[in-house]
Each structure stands twice: as C-alpha cells, then as structure tokens.
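Have a look at this one before I ask anything.
Order of writing sets the labels: A, B, C and D. Residues in every chain begin at 1.
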Amino acid sequence: MTDSLTDLFWAPDPDGDPAALTYTFGGVAPVASVRPRTRLSTWTFDCFGGRVRSTSDLPSEVCDPRLLNPQTGPFYVEGAEPGDTLAVHFVSIEPREAWGVSSTVPFFGSLTSTPQTATLQPALLERTWIYEIDATDRLVRYSAADTKFTADLPLDPMHGTVGVAPPLGEVRSSLTPGDWGGNMDTPEMRAGTTCYLGVNVEGALFSLGDGHARQGEGETCGVAVECAMDTVVILDLVKGIPTPWPRMENDTFIMTTGSARPLEDAFRIAHQQMVLWVAELTGQSILDAYQLVSQTALTPVANVVDTNYTVVAKVPKSVLAGAVAMRGTHAALRQFSR
Amino acid sequence: MTDSLTDLFWAPDPDGDPAALTYTFGGVAPVASVRPRTRLSTWTFDCFGGRVRSTSDLPSEVCDPRLLNPQTGPFYVEGAEPGDTLAVHFVSIEPREAWGVSSTVPFFGSLTSTPQTATLQPALLERTWIYEIDATDRLVRYSAADTKFTADLPLDPMHGTVGVAPPLGEVRSSLTPGDWGGNMDTPEMRAGTTCYLGVNVEGALFSLGDGHARQGEGETCGVAVECAMDTVVILDLVKGIPTPWPRMENDTFIMTTGSARPLEDAFRIAHQQMVLWVAELTGQSILDAYQLVSQTALTPVANVVDTNYTVVAKVPKSVLAGAVAMRGTHAALRQFSR
Amino acid sequence: MTDSLTDLFWAPDPDGDPAALTYTFGGVAPVASVRPRTRLSTWTFDCFGGRVRSTSDLPSEVCDPRLLNPQTGPFYVEGAEPGDTLAVHFVSIEPREAWGVSSTVPFFGSLTSTPQTATLQPALLERTWIYEIDATDRLVRYSAADTKFTADLPLDPMHGTVGVAPPLGEVRSSLTPGDWGGNMDTPEMRAGTTCYLGVNVEGALFSLGDGHARQGEGETCGVAVECAMDTVVILDLVKGIPTPWPRMENDTFIMTTGSARPLEDAFRIAHQQMVLWVAELTGQSILDAYQLVSQTALTPVANVVDTNYTVVAKVPKSVLAGAVAMRGTHAALRQFSR
Amino acid sequence: MTDSLTDLFWAPDPDGDPAALTYTFGGVAPVASVRPRTRLSTWTFDCFGGRVRSTSDLPSEVCDPRLLNPQTGPFYVEGAEPGDTLAVHFVSIEPREAWGVSSTVPFFGSLTSTPQTATLQPALLERTWIYEIDATDRLVRYSAADTKFTADLPLDPMHGTVGVAPPLGEVRSSLTPGDWGGNMDTPEMRAGTTCYLGVNVEGALFSLGDGHARQGEGETCGVAVECAMDTVVILDLVKGIPTPWPRMENDTFIMTTGSARPLEDAFRIAHQQMVLWVAELTGQSILDAYQLVSQTALTPVANVVDTNYTVVAKVPKSVLAGAVAMRGTHAALRQFSR
C-alpha cells in the first residue's frame, strides 16, 4: 500500500478481432498487471460490441450471441489473494460518443417470457432506439419510434458490469451477475462510488464493461441506454477483509447487493449482508442491526432481466454514528480522485 | 362531483371492544357513508391495536393473532361502482403519541423462515423496541437493546394499509396486500400523495390503518416504527376509469404497485401497469412506452414480508410532456388540501 | 362418533340460478348440516358450470368470470370446532356425462403470461376440446383439433377443489388453494383417498367441486378434462387433532400438501409438514424424520396454474413401521366404504 | 455410426490426488476419447470423494468445499459438434460398497435457510447417517440416530450428476444443474434410461458422478444415500438434432427436464420442452400438444436443494401413437445393452 497513485492506461483495440475480447469472468488470461492504488484509464465497448448503430440494426441480426457484453480486462491486481477485497473507485465515467442505443431483444427483458420463464407465446417485436447524448447539457434525448413523442432524460453514466473471477473454478458469462459481481446493472455504479469485490483467485482478475448513459431501476426491457465509455477507476486492495457479495460505498451511503432468483432471494442476500455489515460497523448485536436496517434501508431494484436478478440495499452513513467501512478506503480513494 | 369539500370526522372508539374493529377488506358493514370530495378526519390504531407498549411487551404474548392490524373503516363512498376509481388524497398523517414501536415476531419477516418459506430452523428471538417520536424536530429516535448505540432517524409518517373491498366476493385479511390495496407497506403512502384504488363493489368500502412513523424499503424485519396516527384524507371518485392495481401520484411522480409472490411477479405487475399507463397518458405505442419506462423508472421495494410482496414503480412526470392522469384529480385534491 | 353411517343425499338444483351456487370457501351459509360419519351422496357441476359444451363454446365468451368453479356445499359438520380435523373419505367419483371438456383460457395456464406473471405479449389462442368419456372401458378419448391425431387416456376421476372455510375471517375464491384446501388440483384426490382438512370455523363448512375425468400433474394448460361428477364421500371428524395444511391418506401412502408461490414454497410447506408428521407418527426426532423423508418421498406437482401453486409429498406407509395416522380414520372409513 | 459396440474401461485412480479429479463441467481436458457406440465401464466416487465414512465424519469437517462432487470424465466423444445430441444409455449402475452415506450440511437443503435464501437463523445440526446396502436383497437399510427406528428401503441406484461442457465458454461447478445437465439429481437417471444431452463444444466432454443408492423426489435434505458406483453406459451420438435441455427416455416414458429458480421456471422449461417435443413427434400443432401434455404428464420434482432446482416432465409413450424419438436411439441402445 502506498500513499501515491500509479497511473496506467490500457484499452482494447477498437479495430481488433471481436472474438479476442473478454466475454467471461474467469477463464481468461490477464491483459495487464497492476499494483494496488493504480489509477486505470481505459474505455469499454458497449454491450453490443458497437454493432447496433442505427434503428435499422436489430441485435438478433447483427450480433453473434456468443460475443455479447465484451469486457475490458481482466486486470491482475498484484498481491490480491482469496480473503482480500478489491476496491474499485469510479473516478469518472463518460460516454465516448454522442449517441447511445437501446432495443428490445426477442425473449429477453422483464415483460416478456424468456428461455427460463418459458411460455408458448411469440416474442415481442424487436426494435432499436437511438438516443442522442448531450455531454454538455448532461442529457440523454429519447425519441419514440411510433409517434413524435420525445423526452430529455438526465445523463447518469454508470457501468452495468463490474467483477472479478468467480470461486470454485467457475467461468461465468459476462451476462450473469453473482457473488463475483458481473452484470449487476445497478445505476449506483456511477462516478464517485467505490465498489468492493471479494477476491476469489490470485490477482482477482478484474474486468468491467456495459456502460449505460442511464437506466431505469430494474432495466425493464433488458437494455439500458448502452454506450461505449471512457472510464477512470482507482484499483486498491483491502487485505484480509473478505467480501461475500459485492458492496458499494459513496459519500452518503453504504450499499450491499444480492444477485439471485427468485427476486426475494436477491433481496434476502442484500439485506442479510447489510445487517451483518451494520452490526460489524456499529458494534451492535445482529438483532439490533436487523432493527436499524429495517427502518433505514433504501432498496432500489437493479435488474429483473439478467440470468440472476439484482437488488441493492442502501443505508445512510448518517445513522451509523461515524462508523468507517473497509478501513476508510472510500474516503482515501475519493481524496485521490479529486 | 362538487367544487367544495364536505367535512367528516369519524374515528373508532379507543376504549371499545377490540373484536369489534375491522380486520378485513370486504365482509364488514360500513361505519359511515361519504360523498365524493369529502375531507375525512380520523385516526387509526397501530398494527398491534395498541397492545405492545413497552420493551417487555412481546407481540406473541400480548396480541391475539386474529386481532392484528385493525383498520379504520370501511367507509361507503356514495356513487362508487365497479369500473370507477377511488382517489384517496393524504392531506396529513401525524403520529398520535410521542412513541412508536417495532419488534421481531417469530417466523415473520424477510430474514427468517416463515410458515410459507418453511424450514426446520428455530425462530429468531422475539424482541420489542420503543422509539421516541419527536414531532417538533421531525425525528424518530432509535435505541439499541444490547448496546448503547442510538440514532436519530427522520420522521416520515405513512400508512402501511390502505384499500377497498376485493373482487370475486373475497374477504381478505388486513395483513395481505393485493389488487384491492391492503397491506402494501410502501413509504410512498405519505402526506401529499394521492392513492388510486379500483372499485370492486358498490360504495368501494374504503379502510386504512397501519401507520408507520417511518420504515425502510422492504420493511425488512416485518415491523416498521408502528404508531397510532391522526390522519386527514380527501376521498374522491373518478367515474368510469378502472384501476386494475393500486396507483399513486404526488407532485413529482406517477406510481404503480404490484403485490404478488415471487417478488419478480410484483415487479412485473408494477412495470406492466406503468408501461400501459405511460402509453395511455402520452399517446405512445406500448413498445415505445416500454422503452421510456425502462430508462426512467425508479423501483423501490415496498415489502418482502407480507403474504404478498409489494414493489412500486415510479416515473417522473417531467418525462411525460405534461400529460395529466386521472383527469387531474391529484392536482385538484392537492389544491383543496392547501 | 358412532359405529354406523348416516346417509344423506344432497345436490344442487341443475336448473337453478347459477348465481345462487357457491363460489367461495367461507362467507356462505351452509346448505345442510351433517353429523360425523355421514355418507354424503351428491354431485358437482364442472368448473364452467356446464356452460362450455362444444368446441365452439369458448370460456371467455360463454362464462361469467364471477361464476367459475361452482362448489357443492357448504356442509355444516356438527361438532366441528377449530383445532379439529375434518376427514373426507372419497368412496366413489364418477363422471355424470359421457363427455368432458378442456380449453385454453386467455392469460391462464403455466405456459403463458398471466395477470401476475405479467408481460406485454398477446394471449395464446383460446380453444375448446371435447373428450369422450367411456365409463365402461375406463377411457378418456382425446382428439386433436388441428390434425387427426387421437389418443385413449385412462379414466382417473378426481376432485380438483375440496375445502373448508379459511381462518382469519377470510373468504376465498374457489379458484384458489391454500391451507383451507380449495383448488389444489391434485390427481391424488381420487376414490379410495381420505382427505384431512383442519377446521377453522364451527361446523367446518365443507364444499367440493371441480371434477376431472383425469389431469396431468401440474395441470399444465390450466384446465383438466372437466366434467360434472356423481360423488359419494364419508365425512368424519377427528376431534382435537389440528391439521395445519391439507393431508391425504390412501392404503399405500400418507400425503401432505403445500399451496403457495413461488413453487419452492409449496414444496417446502409439503415437505416440512411431512417431516413433522413422520416424526410424530414414528416417534423419531425431527432430524431423523428429515432424513427418512429425504430418501423416501415422492413429490408429484399438483398445479402450477392457480393463484397458489400446489405440491404433494407422499411417503409410503411401508417405511413407517406400522404407524397409524389420525387414529386410524382412513382404515375405518375405508372399511365403511366397502 | 456402427452396428457394433466398442468397449472401453476407464476409471479414476482411487488413491490419486483428490485435487486432480474433475469438479466442473467445462474447463477440464478430456481423460479419454471415445467413438460413438462405445460401451464405457467405469466407476464414480461418491459426492464427498469418499471422505465421509462413519457417523462421526461430518462433511464440513472432513471435506474441502472446493473438492465436492468429483466427476468421472470428461470423455471426448469423437465427431460430436454443437447442434448434435449425445445419448447416454445407462446399462447398469451398482453400488461399489455395502454402505452408503447421507447427512445434513449447514445451510444446505430445502428445509433450511441457505446462502441464497438467506436468513439470520442458525444452521440445523450437522449429522451423518450410514446406510447398509444389501445388493442381493436390493435394500437400503436406514437406522435413525436418536431412536431405534429402522426401515428397509428399496435399492434404486442412479446418478445425480450427468452432463457435458456448457455453452458460452462457461465452466460450471459439478454442484449446479442447467441446460448442460449437471447436478439434476433425478431418480429417473437409473439403469434402463437413455439421457439425451445437447452438445455445446466439440467432443461434448461428457462426465458423470454423484451416485445415489436411492433418493426421494426433491432430495429434501440435500443429500441422498450417496455411494461410489460401478457404472456401465453406452455413449452414442445423434447427429444434427439439437437438444436445448436434457431429455430422457426409457421403455415407457419420454422425459424432459428444466433446471432453474424459482421452481416454477424449472416446471415451465420442462413442460414447454415436452410440448414442443410431443408436437414434433406426433405431428400435432403446438396448441394440441399443449392440451395432450396437460392431461397426461407426470411431474416428479427432482431437486429443490441445488443452485438450480430441477423438475422432470414425463409423458407415456402409450399416448404418442407409436412415435419414435431421436431416430430410435433408445431402442437401439437398449437392444445392445441386453
């Protein structure tokens, strides 16, 4: 651990072979090795690998289903071992282009049957929407396809997919979220937030991708305002503290996540983890922490569309009597990022 | 419909027979009849009927399980017929006492097995917490039971249970939420909000209860900061507009609810209803509305503890191009309430 | 309790007002009062009230949604009190007509979206199939609608809906199963089986209906081979033994049921109840009973289409070392029925 | 494809390094290459790798959680390509030892909270049961731990885990079932059955393990009567026929599986797959096949304990008018196996 940051720029080749990109957590050799307290400047492809570029591009026609949601990484973090926590502080997340894209995708999304919630009904119509991104006015401009309706939505950039190699020797698709992180699709993963991920293998093998100019909570149709992102993160290591499920922290909240099906299991995981964390941070008994969380937690749904669903629990730091999480990592990295 | 309000005060007898109170939606004769545009001033018992008053009172010992969550009502709304919508505008919700109560209850709550999520494990310890309510400073003061930890939480009064008689001749316990409303337990049901409930029987038969000085989203342990409430609502009727699932509106958001198990079905209901509502309000196609909702909805979990779970979907009015819901009922009642 | 049976014939008026029939458990005055050990000969309407009679009758066109699944009853059982168990032994169940009917129904069934598993997809095509019932050869003859395919299926008559008034003052639609019984839709409810139902109100208020000439496990499309039934049951009372969830017994198996959503909760209820029952019957510890049930239970799904889903757990009596359930009620009633 | 069988014996070294065994589907180099129509004689470790051998051995004490459920394999099947189906006909499955073992495992099983269905309750007591296996009398002898209760159960050997490498480059733990097969834990996987698995990667990479002397449907406590198995299978290839989810066939039934959470999704997958299969086999429309399956399917639950739950749907061949599945593979392999 040092008092200064190392800087690294690493990014995928925009003109390289799409099949050479990273589509899994685990199972892929690292693209670079970084020391803790490295400021990594990079960029990420959008979830379609840049292949859906106009309203006439339909994902099922222009995308190879094996090459969805490419990740930038993995990065080997020196010194990271099982039992440690990787801290990922998002310094900035900015759309690379002046446009983003969303779509419906056959049998994907929360308001359609899917391969798992299987029915005999036909798919919804597949359609693509292109959004104008105005980075100056911080707006995302929506235009309806069937009418002249338009709306300006606040720009709120974030990463849908952030994670490390899973445990048990598993290799998981970048489409799936779980205890290794992955495709959690929570709008809380924005600049100013620190994400904590439990390390399962040596070097952690961190990747990220799936930038969203913004998304609703639940990512209802399954596709946010997808865009390539220029992103700066500070990677750091919290030695000797395990993190069973991904957690987050910003200046105002501590946050836990759960990713599972059915959705109540995602809720149960997030809230059980929050109760245990609050108990540990405040020195309260489990039962008292259960009580305090019950009265103070915010619980925004993250996604109800991926192969696991994700729920976030948030507790304001203001009710924690000044307790400091993860040895003050968030505050330290926040300081660096300014 | 009139341009002026009728005033009515009706309240339960605080010293009456607890068995004479209302514990169901449906199946109970109305306590009073009101015209549309009536300002009803009333009060409600807490969910324990006032029987849990100190940390030595345990719900399983002092409460009759058949007499939980008493409701004030039902009120017969003149002219209400199936196919109409009852509008309930919350003018004010104020704790009647300077204290509130929460507890764990054996085999009830989201982080325990229950009679439905049945296991062979023993129950969590039953315990009661008493909160000090400071109506002046708008605070709810929490004190841990096992340590000296305390925290001041913002006072945010709301009603957990609001509903009408169900369809199909059913009579449902006040512990259950569903398409008739009932025990939805969402913190959105606060002063300034209008709740829209579909009418299933003549007169609608509206009741409310289960006041909370505040609660977390999800009501994790199953019990909020429960308290008796002094409440003023304006009841109004939106003739000829059906409301399949309870909706809400405040100055900033339109909101839909879904109450079901598993939790993803509650999400699906709330979001399907929101998509249909946005399509209707903005004149967009269903598919466009699906897209807009996907990028703009907030989705706070309401409860994951009741016999059905409840999810709320919220879309900001700012993206609806000035569309007016329910013939402007919210704005009209809001005006009256000032 | 007596050593002889009382005989009663009671049946609905086939030409009476459909609206006068019984469509709920609870909330309806008894049609007759019976003593324990009464042999009741009766008949039941099919789930459509006899209104779907040919392939050109579509349920959504010919049925009033408020008048689905009429029940025969309720019968007041003298001496039945909360804490007792009502035993219903099925002596015979025979189709009244030489035909049965099935159909698809819009947004109902396991392989379609529904009002709860809500999507934006259109409904499956509504269609009616008429089956020939051959009571002599014990066959149900299926004919495809779109091709000349036919198949002879074994006749296996049963009642989909069997129950008593629910607890907590609730009144529940005959379309819903729960701890009061109701629309469980298990093919185990055939002649030779005794069904045990916990009594919630004085007189129990027993009803039955929804005869099926046969059904698959899960009732996949939501509608079995529906038919009016001539049915003989013996009603008896097991005083002082509560039954939290409906149980069944035949000469070979003891059976428990669970009705809930998600389906794993129905499984958990049925298996938790079976573990507790086996422990009680054999004098084993809960943990040993858990082990024995884990290796011996059969678990046929009953329905995945109703407002609650139902799972049945069956343990062969052969592994219970001669243990006798419910004071030998099944054996006694079986003797009577011969 | 040939008219004669090739014989291969391959088996793990019983004294080798446990860490060198196979614990995943995918991600492991093949141990041997086989031609289609190979009769493979092998054996499999029990799910504990043989480390739980007496009632004083507790899994959490004697097992490394990373070395659970070792598989025999993977076998590379020559000519197998994505889009083909691997047929695995079970010729014989016989316990290698005169004993089997079951246990409770902390936070694992259907009647306990788990890491996903997370609660704050303590774990159930961990305990081990040893069963005597009598291969001559075909019995499995159960002895209770806390009382003198015993029961003789029919020997019914099967494999809980059978699968191939998954799609999308994933590597999945042998503890998980899915569309690649894996830990489905269905008692239908017995001698005389042919299992059909869709091929996702060249060579298919088939493995099997997790022998059970018997299990109940649902595998309630999470652990069957586990034992090492001597097993003979015939591996064959059905070129050009894809199999989206594992299917089975025996002399009487065709069977489909679904593995997912919540359990109703496992049901939906299995029944959707059955409807599509029956339509294809009989030439009926989808809607007619839906109807026929609705009246004829048996639906035994397989497991409600693994990271995905598994449901099996079975339709008797007797209602399929002589239709032949998978080009008659089952009958052909059955013939070979006699």
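Please note the rule applied: contacts are C-beta pairs under 8 Å (C-beta built on N, C-alpha and C of every residue); 3 or more make two chains touch, one makes a residue touch a chain.
Listed by chain with UniProt protein names: A, B, C, D = Acetamidase/formamidase family protein.
Just so it is clear, the model here is predicted, and its values are computed rather than measured.
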Farthest chain from subunit B by C-alpha centroid distance is chain D
For the pair subunit B and subunit D, the C-alpha centroid-to-centroid distance in angstrom is 48
CA centroids of subunit A and subunit B: separation to the nearest Å works out as 33
Subunit B to subunit C, mean C-alpha position gap in Å, rounds to 35
Subunit D touches at least 2 other chains through residues 111, 117-120, 124, 261-262, 268, 271-272, 275, 287, 290
Among line, ring, star, complete and other, the chain touch graph is complete
Seen from subunit C, its contact residues with subunit A in the complex are 111-113, 117-124, 262
Subunit A residues touching subunit B in their complex are 102, 104, 110-111, 124-125, 127, 129, 140, 142, 144-147, 149-153, 214-225, 261-264, 267-268, 271-272, 275, 282-285, 287-288, 290-301, 304, 309, 311, 313, 319-321
Within their complex, subunit D touches subunit A through residues 23-24, 26-27, 66, 115-120, 168-173, 175, 258, 260-262, 265, 268-269, 271-273, 275, 286-287, 290
